[in-house]
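Presented sequentially are two complexes of chain A, the first with chain B as partner and the second with chain C.
Moving on to the complex of A and B:
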């Protein structure tokens, strides 16, 4: 049976791969700890209280970013689209950095600020949802520039130590998520479920809006819903982990190269592929220059770019 | 006759040149918080005409006009104060070159080690012609420094520069040297980065005996509970005013003595 033909087979095999990868990565850290038999109480606490929540957060956030990326690419009809293209990340960053300035000793205020910021950004974008893809994209790019300018202003006004924190947040940080892991996993499942329900309509939308309409798709409603869904998923990911670039742009393309462009497969594969990529990147961020740590956003690009370019070349010939 | 006149005029001018700087007081910009503290401590406070953000000690310094931050100088605001001299942290800071071309004498004070603080106090004293007080202050600080027990058995310490992201002090940093001078071993002292971001796991593996938390902008109680949870109930957590430990000024010894005193309470 071909894995490309059967979505259930694809789902189960990717789930199995993810579990195996997660299990191996769970052992990696400052010291190797065998996940089957931690040798002391502290080791099992490190495994289950430090490493596993972070790994699962990475998986859920990576998967959601990849799903949102896939949706934005079809919604805007542009291969360069990614979850942050419409400025949601920018407005979330403005929210996060403002709350860093207002409540410097609070941990949850940053996430709350990011969440509120993201939804302000989404509300603004939604008011442009009736425009066509090209204009929506333009509006998004201009909005992103606007948020970036506000962000620069805030950073210029922050004291030096606040700037360190703001940059850490903007480069992605999976170690301080205030959202409980189960809620992120639940969001990941919901996002994938919604995506699969829509997958047939998305395939039709890929043919162009007129074709989609003639095939019985209510294009206006679909576009509005898709915009809301993709933005909401992005908002959750950004609230949990700050802005982590690259996953949302490249993972969907990577999965199209591997599994073809039907959305059912692309979405299943992206949800797992993004998760696995971010788990790998975050483990590398924790371990390569140990005991110091790197920003995870750097590593998603360092790991993802060569793989992507290699696949592009291989398929190009 | 005219030659004689010219000679006299020349001598007069020479005298003026030699005398005038000694008569007119300098107008000094303190462009770093520690420089501001040093100037006041050596009795040059009345000559300070401008300062930057965080120049908050002594009380009189709070009333000074501000000309930006230590890393971002507003040149126009600075020049409007008609300064003749500026004490800066780093001469490479944008705007400092411009101040120099506009005739302001630039003096750098960028202490990287505890000993640099003392030599910078002497240097600033010399430049501002308060050498006597500066020498007295430096000698006094030196005596206090010599009394610190740097030779004690090395107690390992984790210094929490920032809680989220978790940052500490690496090798060749001022904080690293401060810890060394009071007989503490920085557990991340061999990391060749200025402010390495570290993982909690790495701190657990390093097994520090003490955690030092600057009391600035964080919930010390919450952080204490956090470290007790991960490093064991018997971990010693000391909080300290960061201005006394991070700021390479005359109050540094207050901070170091405070830390040593806190350590001695236990040992």
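Moving on to the complex of A and C:
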């Protein structure tokens, strides 16, 4: 049976791959621990209380970013769109950094600030939802620039220690997620479920709004819902892990190159592909120069760019 | 049956058509003629339920257009217009399946008629404009709608496929469909038209039988050119030689 034709086969295969990858990565760290037989209580606690929640967080966040990227690309009819294109990450960063300024010693306040900031950004974007794709994108880019300016101002006002923390947050940080792992996994499942329900309408939207409408899609409603869904998923991902670039841009394209353009496959593959990519990147981020950590956003780019360009070139000939 | 009564059409601030009335029965081709910007495409979009800025009455199968949901219009009206974007790599077969709504019986016939079998696994973006246009015509064929709205179906096509496309329209009206189509070539129009809607670009719209409308006296003032010939051979005088 062809894996491209059967969504269940695709789903189970990718789930199996993700589990295997996660199991291997679980062992990696400052010290190798065999996940099948931790040699002490201490090792077992490192595995199950430190490493596995962080891996699952990375998986859920990566998957959600990739899903949001795929949705924004079809919503805006633009292959360059990504989850942060409409300024949601910018407003979240403003929220997070404001919290750092006001309550420098609190971790949960940063997440709360990011979450509130993200939703302020979403509310602003939603008020432009009736605009066509090109103008919505333009509004988003301008808003992103606005949030970036506010962010620069805030950072200039922070003390030195705060500046380091702000930059670390902006390059992505999975070590301090205050959102419980189960809630992130639940969000991942809900997001993928919503996406799959919409997948046929999303395919039609690839033909442009007029063709989609002539094929029976209520385009106005679909666009509003999609904007809300993609923004909400982005807000959750940003709250959990700061801004992690690249996953949302590259993974959907990678999956289209591998599995074709129909959304049922693209969304299933992106949810797993984004998750696996971020698990790999985050494991590399915490092991390459351990005990210190690299920003995970740097690693996603370093892993993602060459793979993507290689596939693009291979397809281009 | 399509019944249009006193239709007035706007786009933004611009009045495109002041008053249009038409009664089209099944089994005929209605050709829409007019200069650029006269509202030909907007008229088709309106009938497809995709443009809502109009007043007047439009009845499809005896029911007001405004009372159809987008979902229920799918069974009645097929629209062919601009070429869809190609950025996301849909293949010919995937694009046609989206139009066919899971009914694959007509798909093979459409692929054969438009000579697309060899291209069916190619991405739309890899095709020439003419090939993409044939895919769009096939996308109308795979839908079993009583009304076809075709916006310049012969655009980009080579001569043989132009003839095939006109033949298809004629043949489909034999099966009882109404085809309303925008055309720019007078000879194409003369070959297929049963009725003609002539838009003058200033809000005026005249409707009549093809043989009454496709004559120099009607068309010359609207298009502001000289025509020569008669009937199926009516064509513009291509006087492009420089005068000095």
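The rule is simple: the second predicted complex is superposed on the first by the 317 of 317 C-alpha atoms of A that agree within 3 Å, B and C clash if a C-alpha of one lies under 4 Å from a C-alpha of the other, contacts with A are read in each partner's own complex, and residues count from 1 in each chain.
Following the convention adopted for this analysis, contacts are C-beta pairs under 8 Å (C-beta built on N, C-alpha and C of every residue); 3 or more make two chains touch, one makes a residue touch a chain.
For clarity, every value in this text was computed on a predicted model and none was experimentally measured.
Under the clash rule set out above, the superposition-derived model of chain A with chain B and chain C shows the two partners fitting side by side. In the superposition on chain A, A:204 makes contact with chain C only, while chain B stays out of contact range. Geometry note, superposition on chain A: angle between chain B and chain C about the Cα centre of chain A is 140 degrees, to the nearest 10.
Of the two partner chains, neither chain B nor chain C is touched by A:4. In the superposed model, A:224 makes contact with neither chain B nor chain C. When the two complexes are overlaid on their common chain A, residue A:74 makes contact with chain C while staying clear of chain B. Touch criterion met: A:30 reaches chain B, while chain C stays clear of it.
For the three-chain overlay built from the shared chain A, the minimum Cα spacing from chain B to chain C equals 40 Å. Looking at chain A, you'll find no residue that touches chain B in one structure and chain C in the other. Residues 73-74, 77-79, 200, 203-204, 206-208, 210-211, 213-219, 256, 260-262 of chain A touch chain C in their complex.
Residue ranges of chain C in contact with chain A, taken from their complex: 45, 48-50, 69-71, 73-74, 77-79, 81-82, 84-85, 87-91, 94-95, 98-99, 101. The residues of chain B lying in touch with chain A in their complex are 53-54, 69, 71-72, 162, 164-167, 170, 188, 191, 193, 195-202, 204-206, 216-219.
Of all residues in chain A, those touching chain B in their complex are 29-31, 42, 46, 50-51, 104-105, 107, 156, 159-161, 164-165, 168, 173, 175-176, 286, 290-295.
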